[in-house]
Amino acid sequence: MCCEATENALGIRAPRRARLIRSIMLEIERIHSHLLWLGIAGHIIGFDTVLMQAWRIREPVMWLAEYITGNRKTYGMNIVGGVRRDITREKHERILEVMKRVEEETVAVIRAVEGDTMLHVRLRGVGYLSPEDARAMCVVGPTARGSNIAIDARVDHPYAGYDELVPEKKVHDECDIWARTLVRLEETIESVRLVREGIKALQDMPEGEIVLNITEEVPEGLEGISVVEAPRGECIHYVITSAENRPHRWRVRAPSYMNIHALPVMFKNKDGGIPSEPFSRANIADIPIIIGSVDPCFSCTERVEVVDVKKKEVRFYTRNELIELCRLKAQELFNRRSITVGELGGSAKQPMERQH
Amino acid sequence: MERLGYAVLNVVVVLFFAPLCEGFVRKYIRANLAHSRRGPLVGIWQPFYDLLKLFAKEDIRVGGALQTVMPYIAFSSMLVASLFLPLCGYAPLDGFGDLIVFVYTVSLFAISLAVLALDTGSPYSSIGALREIMLMTLVELIFITSLICGAVCAHTLRLSGIILWYRMRFFSLPMLIAAGVVFMAMLAQFGRLPFDIPEAEQEIIGGPFMEVSGPRLALLKWAVYMRQFISASLFATVFIPWCLTGVFVIDLIITLVKVLITFVLVTLVEVLSPRLRVDQALNFYLGVFLTSAIAIAIAYVAP
Amino acid sequence: MIGSKLKELMIALRGGAPRPLVVTLPYPLGPGAEVPEGFRGKVEVDVSKCVGCGGCANVCPSRCILIEDTSQLWRKMTVMRERCTYCARCQEVCQEKAITLTCEFELATDDPADLTDTWEVFMATCSRCGRCFKPKTVLDKMMEVGFKPPMEKRYGAYAMSPAKEALEDC
């Protein structure tokens, strides 16, 4: 999180209640993201029933997030120094009820799916990523934990409330899509347990402050870095502050950036076989599910590649070109209102410099 | 004259009830039961609305000229196959080369789909066509061997003869095995999961159906629904021929109910399965083919 | 394997019991789900409460709220909701609770002008330090030099006496 990075830059720490609330919201996001993935993976192999039922189980979690934060998915809870909304006592009962429901139904799904030989036939032995290859490609998250590499940023670099709520690393060693599926399903159950522990910790502590009152302006030139375990893996934020409470640079390394690079290796290996043998490579039918098994977030990849079909060339947009395009678009929008960019509200000198 | 009446009736029944059965399972089994959702607003009439909408759309063509004709060939082959269908134990074209010509016209659909896909020149369609040919070769073989099992038992190649013989004889082991075999073959002929392979939307973006649009797509979809209905009614009339009174209208209604039950069973298998890969499906069907060969062997010994 | 299939069928049949088999709502042909309190929906501005401090414009991450000072005394503010991210930072910052997020979410339109609002705030200047402030009562407003009622009321369709007009826009 960018807020954690800025807090690290300033050397401050959010109050305990805020840290616990941050952890609870992260685990709720993990539950909804893994159930979403289960549905999508089912859809890719044609099993629409799993899609609909997993998303039906996920729907109360979305309503819960709307109840707590005001929106189903974009929570907007974090701010530098704490959180914006409190999880007061009357919300605890609803959270625990939803968690109980989700746990029951997810356990039922796991019991039903783990013995299904048709799914085994499609998912076992497909998309094999050996532990050596996984280390070489630096994959993160459930993709790594499915290949017997026990990394989890919540345990290795504790942040937010994870020094109190310690999760257990779920690691499997089959190294194929089946292992990643099991890792994600088990993590969902683990997240339910963590939410329950977090709510209990909130109930035990008195109602306190949820945000630090930062009165001085943030000094210029401070650096901060924070590592977060997103549902897809390890996400790193790096911040350099500048004058007037604005960041000079904000760099995000999304986990999908690392996981997508491992895809060609998975296409080549099948059943842990020798890559040069003709029938040990993945079929066309396997490719969508392999891509789906790393849970790709394509919007987190960073290049804009332009393919010119007429001239038959490929080029990448650089950072300055992307910033220039953003500025042109903003100017066009403001031109429709006949307002010039210089009269914008606030004290911004260069409004677009904030984007990376 | 009577035959002409039966012929028109067969065609009309197949044309009308095929999308209706599909709409029934789409709403009540797939949507309400398996997916826990409401389903289409108009319920069982949704396929009709889809076909009506497609007839009004623009016809976009790429590639060769043969693909213009193929949907019409598919549709008309299904109409001809419906004439061979013994809906109440008696088909309109009863003595005209019964079993063999029926299976040929039903397979003509698969061949026309493959030619259509290959003719467009699109890579995904070509893959769909190859998968279709691979699967259909084995599945049609299985279909015909199980019907030949029935023919061996009844000592006749006429479908109505097989039905009559089976109705007299309440239990017959090779026919039971052949019924199981035909059920498996039906799953592929329906184009339903787990053997949805030629028309895999997530893998090859629709396969043969990708490059067809407008009225030709409407005819092709209708031909798909009719093929499903014809397979299901063959299963229902030949392999479950009991519970028929002598009255024609009641017999028709009972047959339609049996066909609907077959649709429901096939859809239940569909909603509980993921899609198999082509090589896995072929392995499976090899086992099924051996079973049907065993059924024919048993039919020679103990019909 | 048959056991797994039966278990899957049971999950589908239970379908969210004790609720009925079908869990989707008939929205928009019927009522939709209830929106909880605290939902971050459409931005609404209560113009009578706004003092023109510009805090919301300063804090808006997508620069939807724009300030144009047409003169020392008149501050024109525009909210262009088409880029609003519904983050509610403007609501947090506003001291007067003039800008709030309602529970409305059905905002789709093909005309961006439907989602744009403009309001003008009269800012009087302090005679000693020269900074702008908003006068509390009508009488104070009328005593400031250059006070004019806002544009919408000036050329209104209905005729009102000037005193009543001045009362209207407090």
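Going by the order they are written in, the chains are A, B and C; count residues from 1 in each one.
Assume a residue touches a chain if its C-beta (ideal position, glycine included) is under 8 Å from a C-beta of that chain, and two chains touch if they have at least 3 such contacts.
Quantities reported herein were computed from a predicted structural model and do not represent experimental measurements.
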item	value
Central chain (distance from its CA mean to the mean of all protein CA atoms)	A
Pair joined by more contacting C-beta pairs (B-C or A-B)	A-B
Geometric centre distance via CA averages, subunit C-subunit A, whole Å	31
Distance from the mean Cα position of subunit C to that of subunit B, given in whole angstrom	59
Chain centre separation in whole Å, for subunit B relative to subunit A (CA means)	45
Junction residues of subunit B, two or more chains touched	34-37, 271-272
Sequence positions of subunit C contacting 2 or more other chains	5, 8, 12, 15-16, 23
Residues within subunit A bordering two or more other chains	49, 53, 56, 118
Subunit B to subunit A touching residues, read off their complex	30, 34-37, 127, 193-194, 196-197, 200, 202-204, 271-280
In the complex with subunit B, residue positions of subunit A that touch it	42-49, 52-53, 56, 118-119, 121-122, 283-288
Touching residues on subunit C, where the partner in the complex is subunit B	5, 8-9, 12-13, 15-16, 21-24, 26, 29
Complex contacts: residues of subunit A adjacent to subunit C	49-50, 53, 56, 59, 63, 66-67, 70-71, 74, 76, 84-85, 105, 108-109, 111-118, 330, 333, 336-337, 339, 343-347, 351
Residues of subunit B that touch subunit C when the two form their complex	32-38, 41, 268, 271-272
